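So that you can tell them apart, the chains are marked A, B and C in the order they are listed, and the count of residues begins at 1 in each.
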Amino acid sequence: MADPRFFRLAGPFTLGEIATQVGAEVAPGADPGRSISDVRPLGEAGPDHLSFLDNKRYADAFQASRAGACLVDAEMAAQAPSGMALLVSKKPRLAFARACHLFYPEAEARSARHASAAIDPSAVLGERVEVEAGAVIGAGAEIGARCRIGANAVIGAGVVLGEDTVVGANASISHALVGRRVVIYPGARIGQPGFGFEVSAQGVVKVPQLGRVVIGDDVEVGANTTIDRGSGPDTVIGRGAMIDNLVQIGHNVVVGDGCILVAQVGISGSTRLGNFVVLAGQAGISGHLTIGDRAVVGPQSGITKDLPADSRVMGLPAMPMAEYARLSAQLKRMGRKGK
Amino acid sequence: MADPRFFRLAGPFTLGEIATQVGAEVAPGADPGRSISDVRPLGEAGPDHLSFLDNKRYADAFQASRAGACLVDAEMAAQAPSGMALLVSKKPRLAFARACHLFYPEAEARSARHASAAIDPSAVLGERVEVEAGAVIGAGAEIGARCRIGANAVIGAGVVLGEDTVVGANASISHALVGRRVVIYPGARIGQPGFGFEVSAQGVVKVPQLGRVVIGDDVEVGANTTIDRGSGPDTVIGRGAMIDNLVQIGHNVVVGDGCILVAQVGISGSTRLGNFVVLAGQAGISGHLTIGDRAVVGPQSGITKDLPADSRVMGLPAMPMAEYARLSAQLKRMGRKGK
Amino acid sequence: MADPRFFRLAGPFTLGEIATQVGAEVAPGADPGRSISDVRPLGEAGPDHLSFLDNKRYADAFQASRAGACLVDAEMAAQAPSGMALLVSKKPRLAFARACHLFYPEAEARSARHASAAIDPSAVLGERVEVEAGAVIGAGAEIGARCRIGANAVIGAGVVLGEDTVVGANASISHALVGRRVVIYPGARIGQPGFGFEVSAQGVVKVPQLGRVVIGDDVEVGANTTIDRGSGPDTVIGRGAMIDNLVQIGHNVVVGDGCILVAQVGISGSTRLGNFVVLAGQAGISGHLTIGDRAVVGPQSGITKDLPADSRVMGLPAMPMAEYARLSAQLKRMGRKGK
């Protein structure tokens, strides 16, 4: 069981209830009324627990498991140990994720404002907004219903948060319009001025950054990630984008819907990512580029030119992944032979 | 117009006032008394707006623009559409940056201390210092006139901030002497102990870090950037250095005047950068090196040896940029041919 | 002398006291009763100061030094200038680190809770815990004796901190069990959910992250570093691990005892590091790997396969360090010759 100091266990639920909630079918022979008390990995599950199998490599663990119930695909169902109740799903891992939500539901926002929070009188808070200790909400900010604002987070003047959005501890947001159901992790920095200046004979002249950050619904922004506001145009994060920790997004960048940006990625100013682009960890993208839909960039790669849709590239310099694999083998050979 | 929730528009100004403020000349035929209400890019500007052209590539947009006034260089002036008033400047982009400051001036510090700020009685605050909600100022700190301390920022005991310095939300500063007109972005960490320890038979012995961080005038420190204090000598950031987000600066590092450090750069302990050095994004510099004045290091490059002044290098391993371009072409060829 | 605004000088101490404390021997001819007032590098030390020599390269500075006393190894003792009192140690640098602790002791936690701190009534604080301004401590948290909680730091519900642990300003910790004598630097983020989701036809389904972060004794976690909690298993940081700034540690990662992770390193989910592994700056480790004890990975390297114990690798792709050195020389040659 998850540590009760940190997680609240719901349930128990019957197999039938679980099947309905996660989109699976109770296999013939299993009792839909059977009670399940918790979710567990195959190796740790007992007779009251639900587990899952999503990879044939774990068939041995599946057959040895004492799990009372298990999510599997139809193909693997025949290999189940006797006595195990099966829930059949085409995507057992996805269904298990849903089961975890069922057993460990997210805490709902409580309509509560800690006495130490500093909320400007002109800010507008929707119903059931929770504001934790030390949080600061600036003048004219609009906080949607059921938002949760974490301890010591700072929401700047005029910022708009859609409904059900969560802001983590110590995060700060300014000059931004944020969608619904967005999750901003602790320490994220959103809306500060971008890195813009002109060099003159008298020294650096900063270019005023007059744009905003506009974040779509269902986005995640990782811990200590930084998203600068636009210089005139906006910096835009498309609906459903998943952004990991310590990512840098420069001013005027457009991140398309459903993009996945893994930790420590950096995107320079004014670059546009299409939809469903994947950037693996520590990849770097130069400024003013256009990256096509569904492009995939490998870890630590450096992108200095536009990429067409459906590209799959890797390396420094970046090249198609198959070519990178070949080059990589050759470089290793050169190192070994010294010629 | 910039979003009025976040930006306050000043003006209107006459062409003559603008020309004086930005260092441009009203072209013959233009009316110095013409009133301008806002700044806009060429494609969005109307008869009341000022725009700019700084690149011949945008000559078409220039000729099609409905902007009432435009900053251009003398060479392009002849191609202006009829009716457009011109302000002639050798550096139209720089002049436009100044015009943006004119129309959207930075908010001035208000002499205000939020009731929830915790200011040690022994701290000394200059005139017209603004302290936002939840900010903490430690014992003996000295805060110069017109500084603004952002919400939930933490200024440690004894820290000195020069006049007109701005500290962003949730930033923390300790063991540091900071100059005038410095801008420290949200979440920056300045003055924590460096990564110093000795390994003994009984385990790690930390080496006390007894130096400071000393930051010159007009420096910018980006969001979530970290600057460790010196171990005995100081960590020093020279006047006018521009440091982007998520940069790491180790103990005892010296960054010269006017250096530009792009996002996610890392500089290991005791390395010294000369003046006007440029490190592109994600570049890494080993410890105990000397990097000469005006050296330029390309993105994601790894520097493991001293660099003379005016070097231009790139790559892993780093080499002169022209050589890197050649190598890069060869590596791509090797990947394609598989030999 | 270290800046008295930031550091409190203890002492003076006699040579004999120092020798005992740092594990050195007073050399014949030196007066154990001689009083020493401070520590200094060789070039800055005067007759009242203790310095050290740990490298023959600095023999000239040693002979020219005016230091009243110096830590040296037996071999170099004979070269000391006349009048310098010697403390002989096999590890002069380590002994000097200890002397620095003697002259500049860490401030002890004061039993003090700032009025602006928000401590949940159900949190349990040990004796002599110090809680600075604006810090937040959640329901059911357990804070060990003599812990110091920095200004505006956030300790989430149920978090456990062992005795003598220090949490820096603006750091946040949730879902974590933290050992004794741990130092968490400003802005570190510990315990937020990992980057886990499944893609479904209806969009992304987040996978609940039901594990914790478990941190051993004597660990350091650098400024703005991020450590995600486990997805079901825990994320584990072994005893004595030293983690620098801006490091990313994904969910379910296990970092062994005594590992050293230099700034901006990234470790993807479910990777396991053995004990005493060293990852140099900006190195990236893919997920689900096993890295053997004492493996050393060079800066900016990319690890995509398991590494056996005692490996020493570097590069993109990573290879044994000797091979990387050879390859590196060849690549530079290719760049120069253009063939």
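We take it that a contact is a pair of C-beta atoms (placed from the backbone, for glycine too) under 8 Å apart; a residue touches a chain by one contact, two chains touch by 3 or more.
All of these numbers come straight from a predicted model, not from anything done at the bench.
Judged by shared residue numbers over all numbers used at their interface, subunit A and subunit B contact each other through mostly different positions, with under half in common.
One copy, subunit A, sits rotated relative to the other, subunit C; on C-alpha atoms the angle is 120 degrees to the nearest 5. Between subunit A and subunit B, the centres computed from C-alpha atoms are 29 Å apart. Taken residue by residue, subunit A touches two or more other chains at 116, 134, 152, 170, 187, 224, 246, 264, 282, 300, 315-316, whereas all remaining positions touch fewer. Those residues of subunit B that touch subunit C in the complex are listed here as 116, 118, 134, 136, 138, 140, 152, 154, 156-158, 160, 170-172, 174-175, 187, 189, 192-193, 195, 197-198, 200, 203-208, 210-212, 224, 226, 228, 232, 246, 248, 250, 264, 266, 268, 282, 284, 286, 300, 302, 304, 315-317, 319-320, 323-324, 326-327, 330. Across the complex, subunit C meets subunit B through its residues 2-3, 5-7, 41, 91, 93-94, 97-98, 100-101, 104, 114, 116, 132-134, 150-152, 168-170, 185-187, 218, 220, 222-224, 240, 242, 244-246, 258, 262-264, 281-282, 299-300, 315-316, 328, 331-332, 334-336, 338-339.
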